[in-house]
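Dropping the structures in below, format is structure tokens.
Each of the next two complexes has chain A plus one more chain, namely chain B in the first and chain C in the second.
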Partner chain A sequence: MSASTTAERRVAVGQRRAPSAQSWLRSDRRVGVALLAPAFAAFAVFVFYPLGKVIWLSTQGTDIFGQAAGFVGAKNFVTIFTDPQFGATMLRTGAFCLAVVAGRIVLGLLITIPLTTKLRGIPVFRALLTSPMVVSVSAASVAFAAMLAPGNGLVNSVITRFGGSAIPFLTSTQWAFASVIVVTVWGSIGFTVLLMLGAFGAIDHDVVEAAHLDGAGPFRTLWSISLPLVTPTLFFIVVTGAVEGLTTFGQIQILTGGGPANSTTTLVYNIYQSAFGAGSANFGLAAALGVVLFLLVLALSLVQFGVLEKRVNY
Partner chain B sequence: MRSPKRRSSMRARMRSALLYVWLVAAVIVVCFPLYYIFEGALTPTAWLDQGLEGLVPIHLTLDNVIRATQVIPLGRQFGNSVVVTICQTLLQVAIGIATAYALVFCRLRGTRALFLVLLSSMMIPAETTLIANYLTISSWHLIDTVPAVFLPFVASALSIFLFRQAFLSFPGELRDAALLDGAGHFRFIRSMLLPVVRPTLISVTLVSATAAWNGFFWPLLVTNSPDNRTVQVGIAQLSSAEATDIGVVLAGAAMVTLPVLIVVLLAQRFLAGGITAGALK
Partner chain C sequence: MSVRKRTLLAATAGAAMLFALSGCAAPGSDADPATASGPVTLTFWHAMTGPAATELDTLVSQFNAQEAGKITVDASFQGSYADVQTKYTAAVQSNSTPDVLMMNDISTGFMVDSKKTVPLSTFTDKDSSFDADSFPPIVSSYYAAASGGLAAMPFSVSQPVLYLNRSLVTQAGLNPDTPPTTLAEVADWAEKIHASTGAYGMTMNMSDSWMLEEMSASGGENFCTPENGRGSDKVTGLDLTTPTQVAFMGQLQKLFSDGTALNPGTDNSAMVSAFASNKVGIMLTSSGAYTTADPSKTASKVSAFPKTSNSKDAGVVVGGNALWISGDGHSEAQQQAAYEFLTYLHSADVQAEWSSATGYLASNTGAADTTAGKQSLSDPNVAAMADQLANTPASQAAAGCRTGAFPTVRATVIGAFNQIVEGADVTSTMKDAESKAADQIAAYNTAAG
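This part shows the complex of A and B:
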């Protein structure tokens, strides 16, 4: 009965539509194209054209006004790859990425796992432990700069109070790099914990319960059940952490300015210095560095897509 | 019979005590900088310079905030950041909705390829393209203006992606029926589609707004004069100009953090939803 009325109604609608279906579809498409235009215009002007332009610039020399000055082939890349400074910068960038990723994963798990237990007051702890999320790179950096300042900084005043000697956290080649890492890891810990909480929360309780009934203790359950189930998220954190490490700028600019003696200059900071640093407007060289950065990020993204694709498939 | 049970409950209690100790220690370490920002913003530098004693908030004052606004045009920069955040967020949300709507509902050919083109833009780091974008903005004579700060970011692949995910779960027949009944595209989006995807709408808005508010590298490049800086760049310069006046520096940090803190407290679950949804791409 009800099936037939639905069918009748469908026929009725079909009849009403029939004469105009073609034109309706056409107008739908016209609207669709118009709605797509702004996004594609914006991406064309500010993402794809600039990528092409940077690749083109990387093959250009630069005159003293910072203007492109003729095709030089791979000269900028040769300059980069034969410069021992660049090798040191790349090693430093790699070490920085590793440290940021390791810091995020280790501290993230150490904070998140206790938060997945059924203790009282967990929501409060969750809110507090994800709170660094609200602090911008700039605010975090100026606050840490104040805390780590050589003279009246909080940390050094506590150290000297207890008989130690002040540590030049931001002004010595031994400490500056570690300081930038600490600030970067702190800045992303809230976000990391949030992601991990989501992953652990999505684990099926029955699986964990079954492991308990089979006599597995909490550590065994964590190691053999929970951690394997959250590996896709851990992997996502590794890749985004590496990209974040590669593209870090604000902390370095505010805390150390790439120094002392280049000890905190990473790839992106090197781009900034080549293109916009004092006395330098070498857009050709900066563009070549930008191409290197693009290839690294592209490789990381492809690895991520490849792995996630695999996960979706099984 | 009883004693093993009691022993196991003792052990459970010990374990939760240890967990609490661990969590409290974690909170102290993780939240300390946040505490220091707000406590320091309201505490005279002379007291902060005492070190440990300075952490006890017993000399509260608004002095630092007032002095910070005298060193740099913090009020003006705050306004610039508000304008940037509103424009960038509105455009990212509007363009995100329009694009996702066209991709999902408008029966266009090749939408899959178009969508992949959009996604591929996520693999291009802004730090690579900013050299060329700087030259573009410069050739448009927009260097040192507020529009220069948000113009390159009016469209966001992430926001398109999230709206598309949400729209895909909306029944297409329902949309056709609404349009056949005479509703326009805009009317359908406003009164049928958006109410259904409200959680996505809110979380995309919050994620966009936070990113716009927190921007640093690009705003630093395209603005020069203190009056056109955003507040994030402003506090960095406050920090280098008044490095020894810790209270003033922290007042700047507190001023840029407070709006985000308030928004997050009001809408934490939506923000969490948006970030996690983005992670699952």
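This part shows the complex of A and C:
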């Protein structure tokens, strides 16, 4: 997009300057198109074609092999929106996003702010606290599943050793949802802290010093100087956190399989279940759910850029 | 809107699409079934892992050596049974199905509906050396073809059994050598074990509705209607609210809600390791879990799965997997070679070897008379499993439900049961599940055409 914009500007400038530049401009445009082609081809293959195919599939019935079996109009969407479970799934997905975003921001700040101080050994803590970043979601989930296991998991063994009664972290509808949120936040906290450390580190010392000279205490400096200056990073974390929340899959699949009693089934997990959940192969319904998710992510992004960004200091 | 903002927006929208759409495209491959002349190469997809995978590779090598120059089997692991089914549906779309496919018990309905395989009976009818009575009766009825004979070759057979942790049971003042035989007795034992040892009294698989299906069968009740799909009509719904079913679900509800029973959630291996590490007194699970549940073979007592009523039809449904021969796109020579491979795997010696290496029960009754078979059966726990299999009546209830929608409705039923475990009313919750499952089955039946 930026290359063609540049080319267009050059066209405008060139026309004013000399008519002989026409041929040169055409070759410039060709170069622009040539440079764009690989990216466009990749987008066409991996984004536009699948998007078109999914929209088409969402209007199709499906046979037991997942093959399109004729036009059914809006039937798949009617199935989705008349399913009493769907509303609950959407609410759960929304709650999950909010919790993941809030967890990342609050916990991230609580970890990052002490790390910005210049104490001995802080680099070690920085390295330790950003380390979850390098652990894959699947590996972390398997480890958490083992630790939170109801029978002889580490956490429950400790709880019962000290006289408490075992907590069904992954097997009760009250706990499973919170457990998946905690694991998700844990998985993304390393990257969040890294981003925040960068943002806090980039704050101009002169500004902070000026605040000190004017008599601002550490809390006031944080609230009125540091936090406003890191809002672009916080905004980035909110956007990526919300998208992450909407699209979380691995943790749910490994920890709870969407259960118990659907209490951890989000929209993405619902798509997976419809398409690949033990022998389902209902690609028509899954595609329709995919279209719903796409519109949702798009709408969320638009809202975030339209509303939230106004509060960001660049 | 600034350029930067637009770029960000476009990138976000692009990423949104990618996220939203990934996972919706079916994988495919492009293998081409060879037209056979000379040595036949067979592709064989399976879902075995661990010791079973190693043993299967050994069996395949033995077969290849035996048939050198004539048949070569190319075995490949394809993931879990669900993965195998997903890959198989993709292979059907791209005309690249394997010559031999291993599929698990509950996908039998789907395989029959797929109409992409040749019933085993097509080959056995022409093979005078084949002994149709070499299967335990309940195994034959599970994999029965509508046209008579077998639809597929039963390969790995398992059944649910009851495991007692000898140490915990003895501590509770109970005798492991006179094990409970009904679910009511199991509940009574579990309460006693929990009260006197502090360990969990019992546990069972909760990752899907399998245990509820088995308890229905062990009460002589059909799980699906009409006739468990074993009559002339397709299954249209589930039966989850007969008096026997409501009664046993009520018993289980009490055990789970008062903390006597351990709910392992979706993690079956955590359940088995909890039993092996003396955290649970009684475990209801597959006979196939024996080697991991009790590596020493002396710490546990294995006995028949508890009955939930005294009906004469009561018995437990077999699980495991069977081998299917592909039809469409596979030459007659390939199909015949595939049949030879299957009869090799069914032979008494191979089944005895397979059984002792994996913990599956032999699908060939002749395996008991082989050296390896006799050695396996000298373990009283293995003998108890074999007895249960041999004594299971070939009733409709014990034959189990057959519908291609089975994998889908299982999730519905276990979801409802999880609500019951947390205190929901048994009858009304299961009525809701019946109605949802009926919709899912109707949708499947429409898709199956």
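Basically, the second predicted complex is superposed on the first by the 259 of 314 C-alpha atoms of A that agree within 3 Å, B and C clash if a C-alpha of one lies under 4 Å from a C-alpha of the other, contacts with A are read in each partner's own complex, and residues count from 1 in each chain.
Going forward, a contact is a pair of C-beta atoms (placed from the backbone, for glycine too) under 8 Å apart; a residue touches a chain by one contact, two chains touch by 3 or more.
This structure is a prediction, so every number in the text was calculated from the model and none was measured.
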{"item": "Which of chain B and chain C A:Asp63 touches, first, second, both or neither", "value": "second"}
{"item": "Which of chain B and chain C A:Thr117 touches, first, second, both or neither", "value": "first"}
{"item": "Chain B versus chain C as contact partner of A:Leu35, first or second or both or neither", "value": "first"}
{"item": "Which superposed partner A:Lys53 touches (first chain B, second chain C, both, neither)", "value": "both"}
{"item": "Partner chain(s) touched by A:Leu129 [first = chain B, second = chain C, both, neither]", "value": "first"}
{"item": "Partner chain(s) touched by A:Ala287 [first = chain B, second = chain C, both, neither]", "value": "both"}
{"item": "Partner chain(s) touched by A:Gly94 [first = chain B, second = chain C, both, neither]", "value": "neither"}
{"item": "First, second, both or neither for A:Pro168, with chain B first and chain C second", "value": "second"}
{"item": "Contacts on chain A seen with chain B and repeated with chain C across the two complexes", "value": "43, 46-47, 50-51, 53-54, 57, 145-146, 149, 151-153, 243, 246-247, 249, 268, 271-272, 275-276, 283, 286-287, 290-291, 293-294, 297-298, 301-302"}
{"item": "Complex contacts: residues of chain A adjacent to chain C", "value": "1-2, 5, 43, 46-47, 50-51, 53-54, 57, 61-67, 69, 145-146, 149-153, 165, 168, 170-173, 176, 239, 243, 246-247, 249, 256-257, 259-262, 268, 271-273, 275-283, 286-287, 290-291, 293-294, 297-298, 301-302, 305, 309"}
{"item": "Contacting residues of chain C [partner chain A, same complex]", "value": "3, 5-10, 12-21, 23-26, 82, 85-86, 89-90, 92-93, 107, 110, 113-114, 200, 203, 206-207, 259, 262-267, 270-271, 273-274, 277, 279-280, 404, 406-408, 410-411, 414-416, 418-419, 421-422, 443-444, 446-449"}
{"item": "In the complex, chain B residues that touch chain A", "value": "16, 19-20, 22-23, 26-27, 30-31, 33-34, 36-37, 40, 48-52, 54-55, 95-96, 98-99, 101-103, 105-108, 114, 117-118, 121-136, 151-155, 157, 160, 177, 179-180, 185, 213-214, 216-217, 220-221, 232-233, 235-236, 238-240, 243-244, 246, 249-250, 252-254, 256-257, 260-261, 264, 268, 272, 275-276, 279, 281"}
{"item": "Touching residues on chain A, where the partner in the complex is chain B", "value": "13, 16-17, 24-25, 28-29, 31-33, 35-36, 38-40, 42-43, 45-51, 53-54, 57, 110-111, 114-115, 117, 119, 125, 127-129, 131-147, 149, 151-154, 157-158, 161, 186, 189-191, 194-195, 198, 233, 236, 243, 246-247, 249-250, 253-254, 268, 271-272, 275-276, 283, 286-287, 290-291, 293-294, 297-298, 301-302, 308"}
